[in-house]
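Structures incoming, each one as structure tokens.
One chain, subunit A, links the two complexes that follow: it is found with subunit B in the first and with subunit C in the second.
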Partner chain A sequence: MLWNSVYNEFIKITAKPRSYLGLLAITVLVGVILFALKVDGQSMIAFVTSSFEQTLSFQGTLLNGNLVAFIVLQMLIIHIPLLVALVTGDLVSGEAASGTIRMLLTKPISRTQLLLSKFIAGAVYTLCLIIWLGILAVIVGKVLFGNGDLMVLNSDGLVILQEQDVNWRYAGGFAVAFLALLTVSTLSICLSCFSNNSIGPIVVTMAIIILFTIIGTLDVKLFDAIRPYLFTTHMASWRSFFEEPLPLKEIIKSLIILLAHQVILIGLALYHFNKKDITT
Partner chain B sequence: MSDKIIEVQQLAKRFGSFEAVKDVNFTVYKGDVFGFLGPNGAGKSTSIRCLLSLIKPDRGEIKIYGQTLAANRSQILARTGSIIEKPDFYKYLSAYQNLAIFSRISGATASAKEIYQMLDFVGLAGREKDKVAGFSHGMKQRLGIAQTLLHKPDLIILDEPTTGLDPQGIIDIRNLILRLRDEQGKTVVLSSHLLAEMELIANRMVIINKGKTVVEGEVSKLLSSDDLVVQLEIDKVESAKNYLKNHLPQLEIIDSTATHLELAITKSMLPELNKSLVQQGFSIYAIESKRKLEDYFIKMLKADVVE
Partner chain C sequence: MISRLITLILLGCLPVFAAAQDATAILEQMMAKWNRVKDYAVQVNIKSEIPLIKSFPVKATIYFKQKDQFKMLSKGIAILPKQNFNELPKFLRDKNSYTALITGTEVVQTQKTTVLTVLPTDDSGDLVLLKLWIDPKTDLLLKSQSTTRSNGTISAIYEYGSQTTFGLPDKMIFTVEVKKFKIPKGLATDINRTSSSDTGKPSPKNGKITITFADYQLNKGIKDEVFRN
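Coming up: the complex of A and B.
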């Protein structure tokens, strides 16, 4: 019954025009970034490297597919949560608003199975977005700009990663980015269980991300204790894969915190959804 | 095996400070078309939603097919079909896709052929691939019936299935319910405001008011009691009213117009009423018995208020 319901969710997601907005938005945004880098990328790179030119000598093409993919990922990972929430925030509340939740819950499928099927479908949709972003950023980026060593400017300084050392880092980086977005997806589905209108959970998800990001950015002692545990703090953990040496401990810590968020949010959603009276 | 399909005892449900259902009790037997009656806000929808586990009751017991609903939800719902208030579908999907979606989680996935046959059965042949967004209310209602029947349930629960339908649509639903009972032996629980419709198809009923069961039983027995409501077409209505108040105080004047009097009276008093009015010189043009469900319903609600 669970997999039948997951299949139903896929049919619903693929039939809704809003589901394609995310893919379209990513295509347009990446397209704009790639176009901008193709047209004026060299001067951008020159601006960044100018401060190092007195101590370092750069040879070869710095503006290559690997750098382009890194820039794309850095720029878009902040915006993709909105695209994720746009679809996943509607998965339960949209059904409540349209009345179909009433029809679904008079069927023998358990509420737990129904909700889990929505979490699974939301996860697959999020995965599709991140894979599409990966294809556009890494593969199209390399086709348009060629391959080469990756130069990354971290807080510790400049890191140069060799061409053959980059692909696995992208795989790891995208996997962590997926887990971060999966937390957003889980949050919006959880909020969706508490709402009977489609827009509310999407807006609240974004509001929470903005709030947590502000808390994470503000240098206030009061927030020091909670900052490490906010999922937004770990949304940029994909960058850790582009550090040398690899900060494995930090990556694992981020994964644990993101997974803990997901477990708590799924648990909360299941508890509420199973107790909820359907009066719409 | 017991022929009781539904047993509801002391059902109660509170929303905050509002007690929507206080003490609802009724039993539905196999093959019944069971009328579920009550004024707006009586607790009908809450009770029906409790039967389908959409709402969890605070108190009371619901047994369906002899099994406790709370402990056997999936098994019970696999044998139950329902429409609550109005059938809502995925507007961006076709009629066929909607039925396929509900079928997949109904315990017995229907084949494409069965879905097409069901759409044909409810009169939606040729519209299978049309998106539900373009369907009229009547078509959605018929699709709702198809969704209800597709997994071949033994029990069908219909909450206000005729709301918003035109007269032909109401007749179609009525005939469909009777076919389901007579040809397929289904048990149907039916909630409706259309008492005349209910009178035509229900064999048993419960009336609830203010969250409590007022009366339950066979429609024919409840309506064949000695108590009648009669409408007299008579001249000098005001004089007749005064005369009746003074000389036959045991009857109740329910309503009056310039030409008619509506009275609550026992069957045995009817000849005496007729005789005395004629003897007093009143001209009676017609006596119409209104021993209909609507009057019985109103009477029971009034009695409940007095209590």
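Coming up: the complex of A and C.
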């Protein structure tokens, strides 16, 4: 029964035009970035390496598909939560606003199963987005720019990863990015349970992300205690896969915190949805 | 009186002229070995240990053809000193561009070497001073140190093996002065990083680049197309 409900929920997602907005937005944004890098990528690379090139010279193809995919991910992963929340934020509240939730609850399925099916459908949609981003960034990037070693710039300096050592890092990075976006999806569905209009949970989700990101970025001692536990702090953990040596402890810590957020948010949503007096 | 003074000045300058002549002879003998090489292709392994850069050893192929055609083909990203190994022969080949003097003897790699100080004639050039440690018995360059305006001091140790007769090294170890690299913060956007790897220790000032040469293909002819981009 749960899987039938998941299927129904996913059909409903695919029937909404806004669901394709996310895919379209990713396609356009990645297209623009790839075009810009193809036209003027070398000058961007020169800007990154200029400090090093006073003393050293880099030989080989610096601007390649692996670097392009990394740049695309770095630029877009911050904006994708909006695309996720746009769809998942009204999975419950949208039905409440249109009045279909009461009819839905007359089906022989428990409220817990119904809500879980919405969470799973939201997760599948998020997975579709991240897979599409992966195809465009990694596969199309490599087709257009070729393969090669990956040069990653982080605050500690440059890390040059060998070509054969990159694919598994992307797989790991995308898995962590998916988990981070799943937290956003869970948050927006949870908020959706508390609202009867479509737009509210989407806006509140984005407001929370912006607020937490600002708290995470502000170098104020007051926030030091809470910063490591904010899910937004761990949304960039996909980058850890591109460090050498691999900071496994940090990655596991991020996974635990993201999963903990999801469990708490799903639990909160289930509790509220089961107790909720559906009047619309 | 005046003629005595001129004689004294000339006598005083004699050792300098002699040192310059000897230095030129030593350089010519060393370069005679290099000039026997019309072209070569060689497999290299480049290992870089540079502060703030984490990288793995990279394999590449180097192509050289007289007079100064040089090309490195590597599938991966290799890091080399800005003044790499092609610059030195190129500079020394133009005898009008420098003045060389013997400035002493030193032991390098257990070999007694003659130390040559090479001063560029062009004051406005990037190269300020070049020092060469040459083994006078084998006419091999064992160490070099170049001081440039833009890149600081770069020194290189040369180890020989299979191609001693042509003066081509089997191993080169470069030591480069590393200035404090500045990371463009807008591009290093690990904004949510919760821990910093800054240990508080001062970062080393020198980087080391080791290049190991293997499988020299000497004077077998290399087409010009190889050197085109």
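Keep in mind that, in the parts below, the second predicted complex is superposed on the first by the 279 of 280 C-alpha atoms of A that agree within 3 Å, B and C clash if a C-alpha of one lies under 4 Å from a C-alpha of the other, contacts with A are read in each partner's own complex, and residues count from 1 in each chain.
Convention: a contact is a pair of C-beta atoms (placed from the backbone, for glycine too) under 8 Å apart; a residue touches a chain by one contact, two chains touch by 3 or more.
What you see is a predicted model; the values in this text were computed from it and never measured.
Asker: Between subunit B and subunit C, pick out the one touching the greater number of residues of subunit A.
Answerer: C
Asker: Which holds for A:Met151: it touches subunit B only (first), subunit C only (second), both, or neither?
Answerer: Only subunit C; A:Met151 stays clear of subunit B.
Asker: Applying the touch criterion given at the start, work out whether A:Thr217 contacts subunit B, subunit C, both or neither, answering first, second, both or neither.
Answerer: Second partner only.
Asker: Considering only touches as defined above, state whether A:Ser43 meets subunit B (first), subunit C (second), both or neither.
Answerer: neither
Asker: Which partner does A:Arg239 contact after superposing on A: first (subunit B), second (subunit C), both, neither?
Answerer: After superposition on chain A, A:Arg239 lies in contact with subunit C alone.
Asker: What part of subunit A is shared between its subunit B contacts and its subunit C contacts?
Answerer: None.
Asker: Under the definition above, what is the set of subunit A residues touching subunit C in their complex?
Answerer: Interface residues on subunit A, with respect to subunit C: 47-48, 51-62, 74, 148-149, 151, 153-163, 165, 213, 216-217, 227-228, 232-236, 239, 244, 250.
Asker: Residues of subunit B touching subunit A in their complex?
Answerer: Within the complex, subunit B contacts subunit A at residues 15, 49, 52-56, 73-78, 80, 82, 84-93, 97, 101-102, 104-107, 109, 147.
Asker: Help me check something: in the complex, which residues belonging to subunit C touch subunit A?
Answerer: It is residues 50-56, 58, 60, 72, 74-82, 84, 150-152, 176-179, 181-185, 187-198, 207 of subunit C that touch subunit A.
Asker: Subunit B touches which residues of subunit A in the complex?
Answerer: Interface residues on subunit A, with respect to subunit B: 1, 4-5, 7-8, 11-12, 15-17, 98-100, 102-110, 114, 275, 277-279.
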